[in-house]
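Below is the structure I would like to discuss, written out as structure tokens.
Labels A, B, C and D are assigned to the chains in the order they are written; within every chain, residues are numbered from 1.
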Amino acid sequence: MSVYIGVAGASEPDASLIPMAETLGRCLAEAGAIVVCGGGLGVMTAVCRGAQAAGGRTVGLLPGGDRASGNPYLSVALPTGLGEGRNVLLVRASDALVAVGGGFGTLSEIALGLRMGLPVIGLATWGLTLSGEPVEAFPIAQSPEQASRLALDAAKRSINRP
Amino acid sequence: MSVYIGVAGASEPDASLIPMAETLGRCLAEAGAIVVCGGGLGVMTAVCRGAQAAGGRTVGLLPGGDRASGNPYLSVALPTGLGEGRNVLLVRASDALVAVGGGFGTLSEIALGLRMGLPVIGLATWGLTLSGEPVEAFPIAQSPEQASRLALDAAKRSINRP
Amino acid sequence: MSVYIGVAGASEPDASLIPMAETLGRCLAEAGAIVVCGGGLGVMTAVCRGAQAAGGRTVGLLPGGDRASGNPYLSVALPTGLGEGRNVLLVRASDALVAVGGGFGTLSEIALGLRMGLPVIGLATWGLTLSGEPVEAFPIAQSPEQASRLALDAAKRSINRP
Amino acid sequence: MSVYIGVAGASEPDASLIPMAETLGRCLAEAGAIVVCGGGLGVMTAVCRGAQAAGGRTVGLLPGGDRASGNPYLSVALPTGLGEGRNVLLVRASDALVAVGGGFGTLSEIALGLRMGLPVIGLATWGLTLSGEPVEAFPIAQSPEQASRLALDAAKRSINRP
């Protein structure tokens, strides 16, 4: 059974995140993982482009009802018509999640993942505080290569859990 | 862009439906369509087995939260955690729907498809009446081969609609 | 704990259904039930108007994201942004369902209700056939008064089920 | 038309949050708002108890399929069967959101609210950072009274937006 790694990230990210997302997609595909994402632009396009360039498979869970709104690097493009509700589906469909960059949609996927017990890995993304003190709720990777490794390891542990 | 054909059908169908569903899957795959279904047993297993035997791709939108509950003939298995709510997703993700046999889940997918304007093709499935009079709400195929043809034609017309 | 009765019905029904839906709403409210519906026009407006005229409470699960799209007879109007996906919510939120008239949305709610084991009562609504033979999947009421009685009885049995 | 204020908060919060949530519920009810929440324990019970004590109405969007799982202070209790997916519904059904305390479910509702353009008010809840710098994405109230006022003001501005 394949490993499914969710990748959360904004449609209009900082330019510096694009090559990181593309490398992340390549690493995940080289390890045989299926990349699941929101199927849109920005980080989502970059991670899918990277994954497909390495021969990998990509799944896009689109917010709207029109398949044509998906990016061109999706092996499977699924309109959901759920708007931001598809963020819940992304978390449910993944064995681990990598959150890339800022954006509130990405933050919602981090939070839903943590709430549902999904392993979450951060890459240049949100930090959290409570009462002014930092809360380290999930590991932060220093590179897309490390993010891929951490996510794959966590996903395999998660799947093998009795 | 690939054509996505949804197939609705029960997990415990009449035995006679199994070879029909398998042939349907084969025909759809031979035409290059991606088969989308609920990912479970019965009709869902048979249509996926048929599609994969012909080299096709299959997507399962699972009702529960566990990927392992999907049948073994899924190219992509997506737990949704939505229960019967995933029936809505099946309809949204498809360019046309073939309904195979009875079962109330199948009836819900027929009805949601008709409500959302999706082309629906019946194969040994429910008929409808209002005030005791038959209502022909969707075409009935006489064979899985014909169901595949009708669904593919309707899907292509639907996709090309401006 | 109150009893919640779902009422399914079209936004543009036959004119003859309007007084039936209004009477149904009145009967349900007189028995102390909360009426749950899609919150729109037609049957939904009529059943809510009848319920509120008798001092009852009404809940509308709106398909869109705008509360103002609800009809004026809702005690509680909840935008869901789920489109036809809110039909699943209507079924989940009800202890029994009365289906009034035709319409494919109504048929989807009948089917989802039957699939999930919810008691369903029909009133001038769809009939079903399989292989050309009628299937009596749910009781048909001859009047809104009888529909209300059957739904309330079934809901109470359903709630008290261990 | 009534104002609907969503309240997000954990089922097992710090004890200090309970009286704050109860006061928040009372203030919202005194202003005529309908309180919408997840319908569970902890913060959710406290805010509903406060609101009902002041004669207000409360709506619970329950994660499971069983109405009996709701707390005893709900005017309307709606099972959704969506699990954490009901967090999306809470945001869609609210004109403004008050987030009380920590918890990842609460964080997901903050994030979904910000993503969908809903006014969000914090009360002893999460802070956010990006690249180590604090991000003030939403106003923080210093008391439940202030949280109520800020939420009501923001909700009215939001509703009156053309």
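Going forward, a contact is a pair of C-beta atoms (placed from the backbone, for glycine too) under 8 Å apart; a residue touches a chain by one contact, two chains touch by 3 or more.
Everything quoted here is computed from the prediction, not taken from an experiment.
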{"item": "Comparison of A-C and C-D (more C-beta pairs in contact)", "value": "C-D"}
{"item": "Greatest separation from chain C - chain, by CA centre", "value": "A"}
{"item": "Intercentroid distance (Cα basis), chain C paired with chain A, Å", "value": "40"}
{"item": "Between chain D and chain C, distance of the C-alpha-averaged centres to the nearest whole Å", "value": "29"}
{"item": "In chain D, residues with contacts to at least two other chains", "value": "65, 81-83, 85, 88"}
{"item": "Residues on chain C engaged by chain D in the complex (per definition of touch)", "value": "1, 4, 34, 36, 57, 59, 65, 67-68, 75-81, 88-89, 92-93, 95"}
{"item": "Chain D residues within the chain A interface of the complex", "value": "82-85, 87-88, 91, 102-105, 107-108, 110-112, 114-116, 124-132, 134, 137"}
{"item": "Touching residues on chain D, where the partner in the complex is chain B", "value": "65, 81-83, 85"}
